[in-house]
Structure formats: structure tokens, C-alpha cells
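You will see two complexes here that share chain A, one where it goes with chain B and one where it goes with chain C.
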Partner chain A sequence: MEQRDIVIVGGGPAGLAAAISAFEQGTTNICVLERDVQLGGILNQCIHNGFGLHTFKEELTGPEYALRYVKRAQELGIECRMGTMVLDVSPDRVVTAVNERQGVFSIQAGSVVLAMGCRERPRGALNIPGFRPAGVYTAGTAQRLVNIEGQMPGREVVILGSGDIGLIMARRMTLEGAHVACVAELMPYSGGLKRNIVQCLDDYGIPLLLSHTVTRVEGKRRVEAVWVAQVDESLRPIPGTERRYPCDTLLLSVGLLPENELSRGAGVELSPITRGPVVDEHLQTSVAGVFACGNVLHVHDLVDYVSQEAAAAGASAARYVQGSDDAREADKDVARIPVVAQDGVRYTVPSSISPDLMDDKLTVRFRVGNVYKDRFVSVYLGEERVSHRKKRVLAPGEMEEVVLKRADLCSRPGIDRIVVKLEEE
Partner chain B sequence: MEAAYDVVVIGAGVSGCAVARELSRYDARVCVVEREEDVCCGTSKANSAIVHAGFDAQTGSLMAKLNVEGNELMWELAEDLDFKVRRCGSLVVCTDEQSRPGLDDLLARGKANGVPDLRIIERDELKEMEPNISDAAVCALWAPSAGIVDVFGLNIALAENAAQNGVEFVFNAEVSDVARQGDGTWLVKTSVRDLRTRCVVNAAGVYSDVIHNMVSDDKIQIIPRKGEYMLLDTTAGSHVSHTIFMLPTKMGKGILVSPTAHGNLLVGPTASDVEDPESTDTTVEGLAEVASKCALTVKDVPLREVITSFAGLRAHQPGHEFIIGEVEGAPGFVDCAAIESPGLTSCPAIGRMVADIVSSLLGLVDKPDGSWVAKRKGFVTLEGEPLDVWANLAKRDKAYGNVICRCRHVTEAQIVDAIHRPLGARSLDGVKRRVTAGMGRCQGGFCSPKVMEILERELGMEPEDVTKSGPGSELLVQEGGE
Partner chain C sequence: MAEERRELTCINCPLGCLLTVTISNGEVVAVEGNTCKRGEVYGRKEVTNPTRIVTTTVPVDGSATERMVSVKTASDIPKPLIFDVMAALADVRVKAPVAVGDVVLANVCGTGVDIVATKEA
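Take a look at the complex of A and B:
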């Protein structure tokens, strides 16, 4: 069987950043397996700008951002197999995949980095009543049709959900000559970035209808109209508020789900909240030697954070294969402190930390469950508050982070938990 | 004018295709006309996909007889035609002691109907068989002969095999009139062309009343009965391992929870009579009913794993009985009407029964020895199969190495096969029903553009002409304006 120090599942922004980072840490026997025919993942269809402000201090389009990583991987000579679909990752890190050139093949990996990304929640997951005609697309599918295939999915559009792809596609469809009647959002707040609401809706006069949902799809063969209604506090449509929007297209941007079928097969423990793997300070999953990063771990708002996180995962994977068996065994028994998300914080990544193994500084990422104004993000080590930072606005659409210092943890032996929470004062 | 056909079958659902396949044994000119672009587009595509044991129907009814016979025939048919069935057995669950007599009645009726191996099991055994059964469950009627079937696979297999054996199919052909001619033949007018035939079989599902009433003064009435369902991801597919029915009450048969032949979990259906035979839309109330009632028999149904919901229409008639036979006053016109549940289970027996009627009416003779092909090779499935099966296929044909549908592991080779079969797929739904591309948890989000491209390439279509399910369901609009 083919042997590799590291096999990376997915050649999108996460997989590439992980590969480059691992290589730069000195582990060069790496193979990236990518199911698409080119590297870059979903960035290839994100032709709008706004990528890379943190990483490169400039505004790039999605393909431009991806290309920087693709070029770097090529410079380093990292092997990337495209058109290759991974079918199975075993708990002992045998990665089985299929492609046209090799057929079905397996690789024994020293460590595995899961970087499969996420998928869009489909219409069916929402139980929107009505017919099931042509013309109902997830925003990402429409984005692919328009930006990659050069095709037009419709002319008169209603968008349900104000996730970032939905907002971006509101603008994109408008620029392509379609009319976007409205973006309806079930929640009283948008699930997307503020800047996208301004640049993609406000600038084009597209109304954002908060606390609204689609209650019915009309049209047996092709969408003819959708009904949009206001919802009450328990998110139920309010009778009498329905309005019919004649249209030929309904785009959905109603949530992203990490694609963890392979992780599940490998026996990786998944979080019911993120639906991604439960990981430690090294982004290692519950299966030793298997790491995760990017949207397969938890859905990110900005690719810059994906790249940072993936670089950390790649470095951890390299460290894992460079270490001795004894060291790996010893790591398993090391004391861990759980990171607890409380009071508005939905989850944290990682969800446990070993002060002995962590780097000097560790970024803990999280999302909040509602829109909060003027709250403090607090970190408690045991009972003691060690960080208290005021944020003017916190919203579910934006990822937040706190940084933990190893010195702080090591100077407080015996703490039983690390709490990240929101506080009013 | 001489009739071009011996038999025209109206409707390419499971009934029409089962009849056509049985008729293909004879030396006869048979044509199936279908208003949709493909087989399996009406009642046949949206139902519970259960091979019923046969204890529901009234003893002595045609439904009871054909159900039990159909169940017996289904397994051999599946071997011959290579579609998916699984004999998982069914349980009718009784959730209060007062209702137990109802279960005893079902058992007695089942025995009278000739259903094999029926027995009532008590809570402990039930709990062992179905760990997720409701805490309220008292006992259940266990019917090991029941099963689940891939309805698309069954319908397509019947049609393909019929086509292999010379049956002609005309799609997108809506029947506007059926009239007896002076010479005793029939003229079937369709939106594609008119067909002259010696015999007509009315297998028009929810429209079988309309077709029947074109030729008979003894009118029948179909009241479409809507059933709404939710389909859950394969991750929920083993939540139960048998088909779980509620004990029928005066409120109806209730909501079932069942594994499917594709490995999903199905919950539904509702039952509400509707006027419009086109109203295959789901409703707020219907889906809410499915979501709440499934909990009556099964605990913790993971409804958040739902990937799609759909509604089907049963061809219900007030007498609740199949209408099969030559119509009085219309010699050569044979009804295969009002085929509602257990119509799917019964279809192998319905096919035989109707073909017998037609062949004796027309005096048909068998095809010459050896010229009728009984077997047909099914579509390749890779999902869930041992990987060496896939490896061997990929060695022979590299298109098996190109995964198009990532959720259900469908390769380019399988999609190309689906398109180039006899009666091949012409649309996204056609591909989906044949080889499951787009049937998975992302519901075609990733693979639709790729499948569209393959359809364009293989069929020489323009992108704008690719449809979801036939004319009117085009997926794209012309670039640059109306």
C-alpha cells in the first residue's frame, strides 16, 4: 500500500493551507486529495472581492486568494491529486479513494487532515410546503451555474435566507440582469456579514425582510411564485401577512452543514452544535492522528480564519508524524481541561485544552447564538476571570475569538474548566 | 383503416408497465402512451414503497387477492428484473390495551386472505426487534412477508424489459380522447399522435376515471387522496429496521415509519381527499401532521435529518376496490383503474391479470420459443457495496472513477448508462430515479450542474433545454434576456 506521512482530504483553502504549513514544518511526504478537477474549492466560484484582507492586507477575489495557495503548494512540489473522491478514512488512517487514473486505491497515512468543507442545507431540510418544481436552487448551486458554467438560472428571483452566499448572489443575479424581489430571513437578524448586507443589498435597493419566511412554492414544473409571510417570535408564520411574489426562481441560503460523512466513518466524535469534529488544542479529533480544519470543523465567516486554522492543523499533523511513538502515547494520557461555552456563546473550537501541550498562545474561536449589543466577552480559568473585552455588537453571522496564553493556564494548576461567555458588565 | 397496434396501454406507472411487460410475452404489437416525459411520474413515484403482506384489504376483495399474489410474485420478479427489494417485514403497532381486539381482527383477516406467517408479538419481543419503538407500544402484528421496494427501480425495470421485448413507448403524449371506431377498433388521440388499436388498457392512475368515462356511460369517480411524506437522510435509515404501521383507527391507517430500499427513513403519509389531480404539493398542515404522528409508534425519530418532503396522490375511488376488467359496452377497452394502495404490491399480479384478459379478448399467442427475454440487468449501485466491486469496474471503465454525486457515490459511468438505456433518462429527475444521483443529503446541490452537463453532452442538447422533469421544467433561462 502507498505510504504517506500526511494525507489531506480536500484541496480547498483549508486543505491547501494545511498542506503548505505541514510542508514548511518539515514534513514533505504529503498528498492532497481533491474531488474537483481543480484546486481551490468553493473559492473558485466566489468571483467577488473581499477575500484576504487579514491574510494579505489586500482585497482579492476568491480565485485570486485560492491561486496564492495553489502556487505556493506547487512551488513546494506538494502532490495534489484532483478528480479524486475519498471514499473512506479508517480509524487507523488508511485513506481509500477513487479517481479515473488509478481507480480505487488506498494510502496508509501517518496522519490525516480532514478538510472537506461544508455543504448547503437544501430546501428539503426546511420543509417549505408546496410543489417541487425546477427553479429552486441553493445559492451556491446558482453561483456555480452563473460564475463557472456561464448560465442563468432565472430572471425573477426571491431569496430565502440571508447567509453570505445568499447576499452575494442577490448582487450577482442583479448584475447579470435578473430582478431580485427580496431576501427573506426567518430570524430577526441576518446570518451574514454586515458588510455584505450593505454592499450586496442596500447598494442595490434589495429589501431584506427580517422575520419572514417562504410559506409556499407555486408552480408544478417551474417556479411561478413564492409566498412570503412574516413570522412571530416562535418563528411561526403570522396569518394574514402572506404576500405572493411572482417569480421563476427561489434561491436558498439557509445554512451550511460541515460534510462529516468521512469523519463519522473514521469514528471521529462530532459536536451536535457545530456538526463538526470535537477537537483539542492541536485541532486533533477524537481519533489519534486525525486532524480537522476549515468548514468541515465549523462553518467560518472569513476564509482568512480558515487559512489560519488550517495552518495550525497542518503544523499539528506534521508534529504528530515527527514525534516518537512514545511521545504520542504519552500525549494520550495528558491532563485536559474542557472549554465550556456559556451565556450566549454557542460553542468553542477547540473544546478541550492541555496546558502541557498547547503553544504559548492559542486562538479559541466561537460563535454567539443571537445578536447582542454592548456585551463583554469573558474568559474564566476556573472561577477566575482572566479576560474581559467589550464588543459593541456580536452577531451569529460573525465568528469571534479569544486568545488563551499558556502561561495563564500553567500558573493556575488544578483548574477544572475554561469558560467563555458573554456578560453584561 | 387497419389498427397499427393490438394494445395501447394508457399510463406508464407501475400498473401500465406491469401490464405491458406481461403483454410483451405475446406476439402482439403493444404501445404504452404516457403524458409525462418518463415512466414512473405519477402515483407510482410518490408512495410508501411498501410490499404489503396483505392483511389490510377486505377478505374476498380483488385487492386482497392481488395483494397476496403480488407479494408472492415480487421477489422472483426482482430477481429477474434486478431491482431493489428487501423483505424487512412489517409491524402493526398497538399502543393501548383497549385496541388489542383491532389487532386480533387484522390477524384473522390476514389469515383469511392467505398471508403467511402472521402472528402477534408482545411488547418484550417487539422491543427486542425495534429498540426505538414507542414506550406506549403494547403488542404488534408481525408480518414477515412484507418488504420495501425501490419503486423507481421496479417501474423502470418493468418498462425497460417491456421495451426490450418490443413494446413501444410514446412519452409526452397526453390522451385527449378514446373512441370506438366503426370497424370495432379504438382510436386513441394523444398530443403526440393518434393511435389505432384493437384493445385499450386504461392504467391512467388518478386520471383513470377520465379515461374510463370517455368510453362508458357507467361513470366511475377517482377522488385523489393526497399523502404527504418526509424523507430522512441515510444517517437515520436504521432508526427502525421494519416497516412500522400504526394500528388503523377510524382516523385512517395513520403514519408509518419505514426504512427504504435506498437506505433512508420514510415517514408518512397523511390522507386527505383533494379535488385537483395535479395537486402534488405539500402543505404546512400535512407536514406538521407527519412530524407529530410518527412519534405515536416510534421514539425519537430524528426529524432534523429530513432531506426532502413530497406528496403523492392515491387513485382512490369511493368503493375502495381495484377496477379491473373489460368495460361493459366497450368491447376491447379494459380498465386497470383505481389502483391505490396496495396497488404497488399488487402490480405483478395486476399485470398478469390484465394481460390474461387482453390475450383472451384478442386471442394472442405467445412469442416464438426463446424470443421473449425474461431477465434484465439492473443499474449498477456502488454506494454500500464492497469496494472491490467498485475497483473492478473502475479497472474496466475509467468513468467509474469519476464521482459525480458525492452523497450517494454515483459515477459518470452510471449516469451515462442511465441515459443510454432503452427508455433512458432525459432529465435530472430521470437520472435521479434510475441511479440516485441527486437523491442524497445535498439534494443535487453539488451534482446538478454536472449531471446537466452530462445530459447535454450525451443527448446533444442545448443547456437551456435540459429539464428537471420534462417540458416546462427547464432549469436555465436564455442568456441575455427573454
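Take a look at the complex of A and C:
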């Protein structure tokens, strides 16, 4: 069987950053497996700008951001097998894949980095009554049609859900001559970034209807209209508030789901909140030698943070294969402190930390469960509060972070938990 | 003339800082709430001369891999000209090979700003 030090599943921003980082750490026998015919993942269809402000200190479009990583991977001579679909990852890190050239083949990997990304929640998950006419697309499908294929999905558009891709597509469809009647959002707040509401909706006078949902899709062969109603506090449509919007297209931007079929097959423990793997301070999953990063781990809103996280995962994967068997065994038994998400914080990545093994500084990312104004993000080591930072606004659509210092943890032996929570004062 | 205060969301980066811009006699006298210099520049500009980067696609002929090439204004252009820029690009096609940064349309709408490719094809 083919042997590789590291196999990376997915050649999008996470997979490429992980591969480059692992290579730069001295582990060069790497193979990236990508199911598309080109590298870069979803960035290739994200033609809007705003990528790379943290990583490159300049504002790039998605394809430009991707190309920088593709070029770097090529410079280093990292092998990337395109058109290659991974079928299985076993608990002992045998990666089985298929492509046209090799057929079905297996690679024994020293370590595996999961970087498969996420997919969009489809219509089937929403229970919208009505026929199943043409003209209902997820926002990302519409984005691919417009930006890659050069095809307009429709001319009169209603968008359900205010995720970032939906907001971006509201602007994109408008620029290409379509009319976007409204964006309906079930929740009383948007799931997208504020800046996208400003520059994709407000700039073009597109109304954002909070606490609204689609109650009916009209049309048998093609969408003819959708009905939008206001919802009450328990998210049920309020009778009498329905309004009919004649249209030919309904776009859905109602959430992203990490794509973890392979992780599950490998026996990786998944979080019911993020739907991604549960990971430690090295972004290692519950299966030794299997690491995760990017949107397969938890859905990000900024690719810059994906790149940072993936670089950390790649370095961890390299460290894993460079270590001795004894060191790996010792790592398994090391004491880990759970990171607890409380009082408005929905989850943290990572969810456990070993003070002995962590780097000097560790970024812990999290999301909040509601919109909060003027709250403090606090970190407690055991009972002691070590960080307390005020935020004017916190929203579920915007990922937050705190940085933990190894010195702080090591100077407090015996702490049983690390708590990240929101406080009013 | 009384002071006017306008609440804005900075669009420079995904942090989306909440800005309060104070305008007195048509002049910006204060920008608050920003966490970086770009926020202050944006706040001043947004109430006097708002600008945007425009991104779109144009068809490409002769490329083995791409049907469309993504493009952008090389720098921001006045917001009221967004649809004029789109109209100017309506009939533009390019021929492969295309490299990132290639000028697809020079000096779009007399803005002095070029439309440049953002993808290889």
C-alpha cells in the first residue's frame, strides 16, 4: 500500500493551508486529495472582495486569496491529486479514494487532516409546503451558476435566510439585472455579517424582513410566487401576516453543515452543537493522528481564520508524525482540562486543553447563541477570572475568540475547568 | 447648523465596527467606535463621498478550464457609479490566457480606475 506521512482530505483553503504549514514544519511527504478538478474550494466562486485582510493585510477576492495558497503549494512541490474523491478514512488512518486514473486506491497515512468543508442546508430540511417546482436553489448553487457557469438562475428573486452567501447573492443577482424583492429571516437577527447587510442589502434598498419565513411555494413546473409571513416568538407563522411575492426564483441561505461523513466513518467523536469533530488544543480529534480544521470543524465566517486554524492543524499533524511512538503514547494519557462554554457562549474550539502540550498562546474560537449588547467576554481558570473584555455587540453570525496563555494555565495547577462565558459586568 | 450624528457599520473588514460620525456644518468633526485607522477613513468618506469595490464576471474565450473570469475594480469607485460600471462591462469578453491583475477594461466610466482580472483562465 502507498505510504504517506500526511494525507489531507480536501484542497480548499483549509487543506492547502494545512499542507503548506506541515511542509514548512519539515514533513514533506504529503498528499492532498481534492474531489474538484481544481484547488481552492468554494473560494473560486466567491468573487467578492474582503478576503485576506488579516492574512495578507490587503483586500482580495476569493479566487485571488485561493491562488496565493495554490501557488505556494506548487512552489513547495506538494502533491495534490484532483478529481479524487475520498471514500473512507479508517480509524487506523488508511485513506481510501477513487479517481479516473488510479481507480480505487488506498494510502496508509501517518496522520490525516480532515478539511472537507461544509455544505448548505437544503430545502428538504425546511418543510416548506408546496410543490417542488424548478427555481428553488441554495444560495451557493446560484453563486456557482452565476459566477462559474455564467448562467442566471432567474430574474425575480426572494431569498429565505440571511446567511452570508444569501446576502452576497442578493447583491450579485441585483448587479446582474435581477430584482430581489426581499430577504426573509426566521430569527429576529441576521445570521450574516453586519458588513454584508450594509453593502449587499442596504446599498441596493433590498429589505431584510426579520422574524419572517416562507410559508408556501406556488407553481407546479416553475416557481410562480412565494408567500412570506411574520413569525411569533416561538417562530410560528402569524395568521393574517402573509404576503404573496410573485417571483421565479427562491434562494435558500439557511445554514451550513460541516460535512462529516468521513469523520464519522473513522470513528471521530462529533459535537452535537458544531456538528464537527470534538478537538483538543492541537485540533486533534478523538481518533489519534486524525486532525480537523476549517469548516468541517466548525463553520467560519472569515477565511483568514480558516487559514490560521488550518496552519495550526497542519503543524500538529507534522508534529504527530515526527514524534516517537513513546511520545504519542504519552500524549494520549496527558491530563486535559475541559473548556466549558457558558452563559451565551454556545461552544468553543478546542473543547479541551492540555497545559503541558499547548503552545505559549492558544486561540480559542467560539460563537454566541443570541444577539448581545455591551457584554463582557470572560475567561475563568477554575474559579479565577483571568480575562474580561468588553464587546459592544456580539451576534451568532460573528465568530469570536479569546487567547489563552500557557503560563496562566501552568501557574494554576489543579484547575478542573476553563470557562468561557458572557457577563453583564 | 446643529450637529448631526450618524451611526454607520464599517464595511472595511468583517469586524463590522459600529461607527458614530459627528457632522457639524457639513464637516466631519469626529469618528468614534472604530478600532483601526481604516474605520476612521471609511466613516469620513461614507458621509461625504461613499465608494465601493465592484466585483463581477466577464466571459472568456479559448480557456480550457473557465467559461467566466472574475474581475474587480482595481480600487474603489463612487457608489452612484456601480450600475454604470456594470453596464460598461455588459459586452466585454476576454481571450485566454488571462492572468490575475490583467486589465480587462481601462479607466472604467472615466473614474481613472481599471477593471482587472482576479482569476487565471
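As a working rule, the second predicted complex is superposed on the first by the 425 of 425 C-alpha atoms of A that agree within 3 Å, B and C clash if a C-alpha of one lies under 4 Å from a C-alpha of the other, contacts with A are read in each partner's own complex, and residues count from 1 in each chain.
Going forward, contacts are C-beta pairs under 8 Å (C-beta built on N, C-alpha and C of every residue); 3 or more make two chains touch, one makes a residue touch a chain.
Keep in mind that this is a model prediction, so the values were computed, not measured.
Three-chain overlay on chain A, with chain B and chain C fitting side by side and no clash. In the superposition on chain A, A:L67 contacts chain C only, with no contact to chain B. A simple residue count on chain A separates chain B from chain C, and the partner touching more is B. When the two complexes are overlaid on their common chain A, residue A:E149 makes contact with chain B and with chain C alike. Superposition on the shared chain A places chain B and chain C such that, viewed from the Cα centre of chain A, they span 110 degrees in steps of 10.
Using the contact criterion defined above for the overlaid structures, shared-chain residue A:V104 touches chain B, although it does not reach chain C.
In the superposition on chain A, A:N49 makes contact with chain C only, not with chain B.
Judged by the touch definition given at the top, the superposed model places A:I353 against neither chain B nor chain C.
Superposition on chain A leaves chain B and chain C with their closest Cα atoms 9 Å from each other. Shared contact residues of chain A with chain B and chain C: 148-150. Those residues of chain C lying in contact with chain A across their complex are 8-14, 16, 18, 33, 52-57, 59, 65-68, 70, 72, 79, 82-83, 86, 100, 118-120. On the side of chain A, the complex with chain C involves touching residues 37-38, 44, 47-50, 53-54, 59-64, 67, 146-150, 175-176, 193-195, 197-199, 203, 301-302, 392-393, 398. The residues of chain B lying in touch with chain A in their complex are 230-231, 235, 278, 280-284, 286-287, 306-310, 387-388, 390-391, 394-395, 398-403, 406-407, 409, 441-446, 448-449, 453, 463, 467-482.
Interface of chain A with chain B (complex): residues 35, 83, 85, 87-88, 96, 98-104, 119-120, 122-125, 127, 129-135, 137-138, 140-141, 144-145, 148-155, 177, 215-217, 220-222, 237, 248, 261, 264.
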